[in-house]
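So, here come the structures, one by one.
First chain A sits with chain B, and in the next complex the same chain sits with chain C.
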Partner chain A sequence: MAAGHAHPLYRSGDSPVHRLPPEVKIVAALVGVCCVVATPRTAFGVFAGYLALLAGIWVLAELPFGWILRRSVIELPFVALVVLLPFTGEGPRVDVLGLSLSEPGLHGAWNILAKGTLGVLTSLTLAGTTPLRDLLLGLQRLHAPQLVVTIATLMLRYVDVIAAEAQRMRIARISRGHDPRFLWQAGATARGIGALFVRSYERGERVHLAMLSRGWTGTLPQLSDRRTTARQWLTGLVPAAAALGLAVTGWVIA
Partner chain B sequence: MTTDAAAPAAATRVAPSLAVEELAYSYPDGHQALRGVTLRIERGERVALLGPNGAGKTTLVLHLNGILAPGHGTVSVGGLPVTRQNLQEIRRRVGIVFQDPDDQLFMPTVAEDVAFGPANFGVTGAELAARVDAALATVGMSEHRDRSPLHLSGGQRRRVALATVLACEPEILVLDEPSTNLDPVARRELAEVLLGLDATMLMVTHDLPYALQLCPRSVILDDGVVVADGPTRELLADAELLRQHRLELPYGFRLD
Partner chain C sequence: MVAGRTSDVVVAMHMSDGLLDAPTVAVFWAVAVVGLAICAARARRELDERTAPMAGLVTAFVFAVQMINFPILPGASGHLLGGALVAVLVGPWVGALCVAVVLVVQALLFADGGLTTLGASIVNMALISTFVGYGVIVALRGLTRRSRGGLVAAAFLAGLVGTVAAALGFVVEYAIGGAAPVDLGTVLGLMVGLHALIGIGEGLITAATVGAVAAIRPDLVYALRGSAPVLELRTTGSTS
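Up next, the complex of A and B:
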């Protein structure tokens, strides 16, 4: 339904995962991430289990591993600090390849790396199989705060309009010979951003007027009356149940 | 258009689509934008509202559906006065197509945007779907229903903006500068759609030839008052009148 909104994290398809209602997928992903976070960090086998579970979903959703891997690079800046932990950590030390590393530091690094990666992979799986428009619909059906859904819907529509406006302003600037190379020459760019803010604010007011004119009452009407069946919920929550099973296993063996 | 129950006792004659009486308004900064405007538009009329920049045209439009509340005077639509209690019904009856379609079209897809208005006015299910289909068919945009407004041309966006208002089945259609930023073909296509509508219409414009083509009657507003009201051809042929109110026909045009 959202043909016009291809985003780089979405891979269109018609797999059973793609066809699941968005709210089911959101709940399943949320449960999955909570299970991962709650798993004791020393239950190494359980983390492998989560990865296998995700891999199973990718096969089902026809998401190539390489495609997922390239997009998971987004995690890198967030885990960069993790590298420091084994060197700076306190407590008993172990020798690895001639380096003396802190044992709690190693465990801490592993904890962040494993859980962070699994979280990113889960989110990528959700984003890869659900168009943005449907994610919003899912949030709306899950009774997410009305204001949040409205803001997200408007953002989805206007981020491109504002980006195009910024682009036109930039072209108009460089067409008049503006070529900032140093920080102190960036004044014009900064004023451009200020002007863009004011323009976007004014546009916001005009959009609001236009919405009021068509009877806006503060809530977005639910426009799709597709019902989600109990069967769809059950199917969609199978991976979530599996993740829950893995988390419990983790607590038992740890 | 179907519910006239709210109209007052004058059942013998049809209430005018729009009746503005002695409307005056000044902005909070003290600028007096309207100084006693009286205007009556009968059902089925197509009227152009002309005037220079700053004449009060937009201020008048924002009074028609109660976005601005008059300082003095009254507005009624199809016999129903514009008051706080009637606001929702008034906004259904007055369909405003704004100047920039990007301000009007805010939903992710065309069909959802067209459904937004009627859904707010309580239309649901099969009837809502039928309204959306009918409005998109009227403006010739049915095959683009699932696209994002962002990926449409200027003319297409304008027609979708018109459809979003038509889907509300308004008593009076108010168009704010409908021909701006349109190429000649899109401009003509929009005119054909508008001429094909069986609707009461108030068109705010600087495009005098467009007013002549679409509206048999014109009203000139200047400095917050109505300074002329008559057949469009007669008003536009009066060069002295146009000059007094900072209006002029494009180069090469003559009406006699």
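Up next, the complex of A and C:
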């Protein structure tokens, strides 16, 4: 339980990428994936370029390739559609290993797979080098709506408490002989969720009163006083500029 | 139920980058931002200065509930979206905001779903599933207010219809800007069929949870707001 300090994808370190202000990293990641998505699908070399760019960042951030690879399996369910495309797609068909596959379908599948993978790798790089607290600070500095930042802050501080409560209730049910295997046994679980909601809501009421008694003014205090320098922005946006250059190259050659 | 094995493929409605082309992505980001701004304004009117702590804790609840997997087909399990559930419990405005924050955090911290398609995911799962689910509750207001059984039945339908509607949102987005030429009928059949199954699980959990909350603290159920019976004073014959 390390609420507010770490999250499962964070890999602590002190590399130049870790030290970069969070808002710079968020903007760079967003620019990067936007470039990837806007790249024409047939610019195969450009996609290799993006991968090389990311690999460069991993070396700089001291993220081992194996670590990235293991975590990138998150993507699998999201690209499940890809498997169907070559079989169900329309248009001219090509023979691959004795299977008749649709050519536009294959292109479409490649498009989603390549861009989806690069997207996940970018997100992993951001999550792996940015602790939770910094991410909230980044959102705050990027002027995300105050309400959203406050909700996200409280949510992240309490999610472990609520999850632990859910876990305790599950253990309590199991130790009283609960063995949910079939649909009609779901009643106890659902009542547990109901109780969890009531407890969360009531905890929210108590948290609000506790915040008031500690001088809550309705706005989240500035999470850090440190200012981001123009130099940090320039350094952080170098990979984003490189991605932009790659995207433009893609448009020119395609 | 809920014993979803970890080896199962979890069917999720998050979209990966590259599924939608760039203009579509931009349009749905705009829709998501405008929709959430309206929700934030309405949520603030409902909860005033308590908005942030209450919504924060309800969001943590949604996050915890989304960890619950249930089997839908052999080898595949779905997880609760919770859109209709929070819509019934805290109302569509606060509910949509909570689900949206969960999605943003999942995209930034857990690399769940793409950053570019986050806007479209917010439209599907935070806006469509919540508001359609709540729409079902409003449409069945007579049934909802009559008895606890009515409320439970309406909550089941809200969970089912909300989930299928979110899947339809996915299909519409794919039809507008899908990055691959695929027969729309196939996508439609696949998404709606799969999410009808997920929707049944979602509906059952939504119904049972709403029933449980209505039994413990009916005053917390948003859908029942304003329907509390008037307090009846019974005195024994005194006429002063």
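The rule is short, and it goes like this: the second predicted complex is superposed on the first by the 249 of 254 C-alpha atoms of A that agree within 3 Å, B and C clash if a C-alpha of one lies under 4 Å from a C-alpha of the other, contacts with A are read in each partner's own complex, and residues count from 1 in each chain.
By our rule, a contact is a pair of C-beta atoms (placed from the backbone, for glycine too) under 8 Å apart; a residue touches a chain by one contact, two chains touch by 3 or more.
Just so we're clear, the structure is a prediction, and the values are computed from it rather than from any experiment.
Judged by the touch definition given at the top, the superposed model places A:G116 against chain C, while chain B stays out of reach.
Of the two partner chains placed around the shared chain by superposition, neither chain B nor chain C is touched by A:L237.
Using the contact criterion defined above for the overlaid structures, shared-chain residue A:G108 touches chain C, although it does not reach chain B. Of the two partner chains placed around the shared chain by superposition, neither chain B nor chain C is touched by A:L142. Residue contacts after overlaying the shared chain place A:V161 against chain B and chain C alike. Among chain B and chain C, the chain that touches a larger number of residues in chain A is C.
In the superposed model, A:T153 lies in contact with both chain B and chain C. With both structures placed on the common chain, the touch criterion links A:M211 to chain B and to chain C. Look at A:R133: by the touch rule set out above, it reaches chain B but stays clear of chain C.
Shared-chain residue A:P221: touches chain B; no touch with chain C.
In the three-chain superposition model, chain A touches both chain B and chain C at residues 132, 153-154, 156-158, 161, 203, 207, 211, 220. Interface residues of chain A, counted against chain C in their complex, comprise 7-9, 26, 29-30, 33-34, 36-38, 41, 71, 74-81, 84-85, 88-91, 104-105, 107-109, 111-116, 118-120, 122-124, 126-127, 132, 135, 145, 147-148, 150-159, 161-163, 165-166, 180-183, 185-187, 189-191, 193-198, 200-201, 203-205, 207-208, 211, 218, 220. Listing the residues of chain C that touch chain A in their complex gives 1-3, 9-12, 14-19, 21-22, 25, 36-37, 40, 43-44, 49-61, 63-65, 67-68, 89-90, 97-98, 100-102, 104-105, 107-116, 179-183, 186-187, 190, 204-205, 207-213, 215-217, 220. The touching residues of chain A, counted against chain B in their complex, run 1-5, 132-133, 136, 153-154, 156-158, 160-161, 203, 206-207, 209-217, 220-221, 223, 225.
Residue ranges on chain B touching chain A, taken from their complex, read 62, 65, 67, 88, 91-92, 94-96, 98, 100, 102-109, 112, 115-117, 119-121, 124-125, 128, 146-151, 164-165, 168.
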